[in-house]
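Take a look at the structures below.
There are two complexes below, and they share subunit A, which is joined by subunit B in the first and by subunit C in the second.
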Partner chain A sequence: MNRRDFVRTLAMSTLGVLTTFNNRVYAKTYLTPDQAKRLIWSDLAMVQTNISLTEQQQKSIQRSSGIRVWSRNIRALKSSDNHWLIYDQVIGKHENIDIAVGLTNEGKVKAVEVLVYRESYGHQVLHPKWLGQFVKKSASDRVKVDKNIVNISGATLSCVHLTDGVNRLTHTWNQVLQYI
Partner chain B sequence: MFVKYIKVISLSLSLSLFPWLALEKANAGESLWVYAKGTDTMPAGELEFKLGTIARLGKNSGDYKFYDIRPELEYGISDKLTLSTELLLFSHDYSVDPDSGPGPMVDTQAKTGGSFDKTQVGGYEVSLKYNILSVYKDSLGLSLGAGYERRDRYRLDGTEIDQDSFLGTLYLQKNYLDDLLATTLTVKTEFERRKSGDWDDQSFVLEEEIALDLALGISYRVAPKWNLGIEFRHQSDYLNPQEFNEQGEFAYNPDLKPSNFDLFDIRLGSQHQNGNYFGPTVHYAEKDWWVTAGALWQVFGGGSKYADVRDNKNWDEHEKVHFGLTFGYEI
Partner chain C sequence: METLNRCKPLLGTYVDICLSGEMSKSRLMDLSSMLFSEFEKIQTLMSFHSPDSELSIINRKAYQQPCKLSNHTYKVIEQALQLSAASDGLFDISIAPKLVAQQLLPDHGIPSHHSASWKDISLVDNCIKFAKPLLIDLGGIAKGYAVDQAFSLLASEPLNIVINAGGDLRISHWQGKTVSIQVDGENGALREIPMANSAVATSANYYTENGYPIICPLTQSTVIDNKVVSVFAPNCMLADALSKVVFINSSNKQLLDSLNAVASIFHPHQSKSDSPVSICHTSL
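Take a look at the complex of A and B:
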């Protein structure tokens, strides 16, 4: 077989193999912020309440949660009886994962929803049963993978960063939001 | 020379762009460096296609270009166990000065009119990688690898050989700053048994070699999708070739200690050569594909009195610079 034939054979074989297995799931937007609000808090009236943490608050949350606070800006909605909905991002393999976390006026997680998931692996964290593990958890629970949150093999990075994000936000409520 | 370069680049690009242009797009578990590898394994049932090309350019004299092209498929047998198979394509284009020797390239080009220019199928490799500790939730990521490699062509000069290698690899990875900063150490040991030449004309050589390939990488995600890093690579081998001496006896070199890797007798022989490289890497990942590039320069090298060592660098088995380019696609 000469070089040209070899390259042609190799390229066609590769294409054949790749075509056979071409059935993947892609990154996408699962919920808009409004849809997440309706899913978590139904028709509860909430107003935009964006917050900028002070440097001291940022350090305090980091200390108590053990999780780095990358941004001091919090984008949130708040109801008159002090329920919260926080739009946040956690680190993914290549890009961030957009999430919405509902917190009650007792600082407990009402629900966690994934808005945009940009990774090719780890979609298992979108399963309601996995996300349901966070419900009623608060800062005192200090959620952690393999401790009180079950890890999903093959989706470890997403599991760890989503859990860390919820842990950080419950401590944010504990340190800051409950006093607003 | 330029035409040859274009041909090799075209071969690499055509192999990599084929699936890219023809298929819908997915995402990747990727390599951030040229030689160093992380501890990640493929999720169960996932398949990835990679095309790695390393251009090894420049000796201490003459003109030397060698392209090591490796199409590879990786498959997740389970979330912790990955099977990979790769084809070794060697593209040589060299004409080194006779006073660079004695060395394999000088010997080979003497038989081919002063230069050597060929693209060949060099062999194949099959390997397994098993993840023991996750870099994302344990304090240190740890994976182990084992593999078999078959070569019919010598990487250095393109001559016909008969080589079987067994590979063992240790992967360590530690991440910092919420996994934005990745550090890794890959230690690969190869146990090679190589035969070349003809017994009848007493050109036959038997080499039992233990080779060490160590790579250290650091990479930081400077922006979403973008990683910048640096990489250090050490490669050395330990052997005492058996060949016909001036008395016509097939024997070891009395100046050197042989390597041995029989089941109950593993010995590290004399170091024949070593090369050490350092340079930057860049990595870009999209949802559906990724690419990693790097340039590693030989910073120092050495070897035994039988190796070609000049200016504190090794030239018989190592080059001035290695340019690496790898494309990856999830299938």
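Take a look at the complex of A and C:
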């Protein structure tokens, strides 16, 4: 990890912890990565083909898509006829949302599935005991799931960040994935 | 009993479909895919953003000539016009130019007349015609319609169905169920209340920086208010449209009664983000 990545990771971890301290995070799991793969690509044989973008590729994708590329690491599956399934994260209102995106061998979006949706919902809690439950927990453990919250109605939340994320991935295909 | 829960980005928001029933998971997968396809179809027809959608075509042409409509778009516009008449114009799908002017909808370069309203839209023999140049946006009603349409496709299936299209929520077996209303956009505070009918939709100003503000069609001005309005109705399209009507004018009890709908109005405190949310929960 170079210095810039280290600083970014540190900043995001700090932000994550602060977010947790102020909110209750609601997480809803929809599909496993395998279920999403079967839905999008059926039984098509695909192999794990993870990608690490170079800094130059990262900047180039940012420039062409106009969307920030936070991570240079791409978790993906690829078929022998060059179809892709990418597991990615986008930001919702406050929290990360896990998605699976199928891209065809022509770089077209075949389907998008949300795997895990996370959102923060109020109830700012300042009691030290409540805060204490997050001490020594890793970033992936910090989500507190409120199982009672099932049906939520509010003013329509835009999915523009997700749309941006998918757009970023089509630019990633255009510049990198199609040559792999 | 199998349960399947999926979520996809459609109609500009997150569409969450939950199906439970005595059938295989793969059958539930197939049924959910059929419902998402219906959402995609409605999105393709009624998108204001896409210049190729049926809606964009009628916005371009319906002033010059009558345009034939698909069944879906016809039904939505027909219901919208009925609601416009019943609400004395508080619900009006011709408010789009105001949203374009505020850069909340894309500008396709189509002219509109400043005095045009829903009264200048007519439906005859599956066709639509504008009496003045105007722009229609179905953003205040299409999500609710899509939810209802998905429900109608599963009418013969023995299923428990919950569909939530970004807050436009409908539940098949709703009696005894609760819904959590998001009463504050910033800290996201929720308030759990009983479902009062099969469908509920909520209107508030808290996402206006990237969503739709609520504009009063009669004054053409944005309604600035920190209240949150949820409307319960027999179907989602009604709940969706009526939540805007009640947000603009909350004394419309007669209209709600006539449509078998009720509203709950929430007034969150704004002084402290960590204070409990104070609720004025009023069934009109």
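Methods note: the second predicted complex is superposed on the first by the 114 of 180 C-alpha atoms of A that agree within 3 Å, B and C clash if a C-alpha of one lies under 4 Å from a C-alpha of the other, contacts with A are read in each partner's own complex, and residues count from 1 in each chain.
Basically, a contact is a pair of C-beta atoms (placed from the backbone, for glycine too) under 8 Å apart; a residue touches a chain by one contact, two chains touch by 3 or more.
Note that the structure is predicted; figures quoted are calculated from it, not measured.
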| item | value |
| --- | --- |
| Touched partner set for A:S120, first subunit B, second subunit C, both or neither | both |
| Which of subunit B and subunit C A:L39 touches, first, second, both or neither | second |
| Partner chain in contact with A:D98 - subunit B first, subunit C second, else both or neither | neither |
| Touched partner set for A:V112, first subunit B, second subunit C, both or neither | second |
| Subunit B versus subunit C as contact partner of A:R68, first or second or both or neither | first |
| Touching partner for A:L162 - first (subunit B), second (subunit C), both, neither | second |
| Which superposed partner A:Y30 touches (first subunit B, second subunit C, both, neither) | second |
| First, second, both or neither for A:G154, with subunit B first and subunit C second | both |
| Subunit B and subunit C contact sites that coincide on subunit A, given as residue numbers | 22, 93-94, 119-121, 151, 153-157, 159-160 |
| Residue ranges of subunit C touching subunit A (in the complex, touch as defined) | 5-9, 12-14, 16, 29, 33, 143, 162, 164, 166-169, 171, 177-182, 184-185, 187-190, 192, 200-207, 210-212, 228, 230, 273-274, 277 |
| Subunit A residues within the subunit C interface of the complex | 22-23, 28, 30-31, 39, 93-94, 111-114, 117, 119-124, 126, 148-160, 162-163, 166 |
| In the complex, subunit B residues that touch subunit A | 11, 14-15, 18-19, 22-29, 43-44, 46-47, 49, 71, 73, 76, 79-80, 87, 119, 121, 134, 136-137, 177-180, 224-225, 285-288, 329-331 |
| Subunit A residues within the subunit B interface of the complex | 3, 6-7, 10-11, 14-15, 17-19, 21-22, 24-27, 68, 70, 91, 93-96, 118-121, 145-146, 151, 153-157, 159-161, 164 |
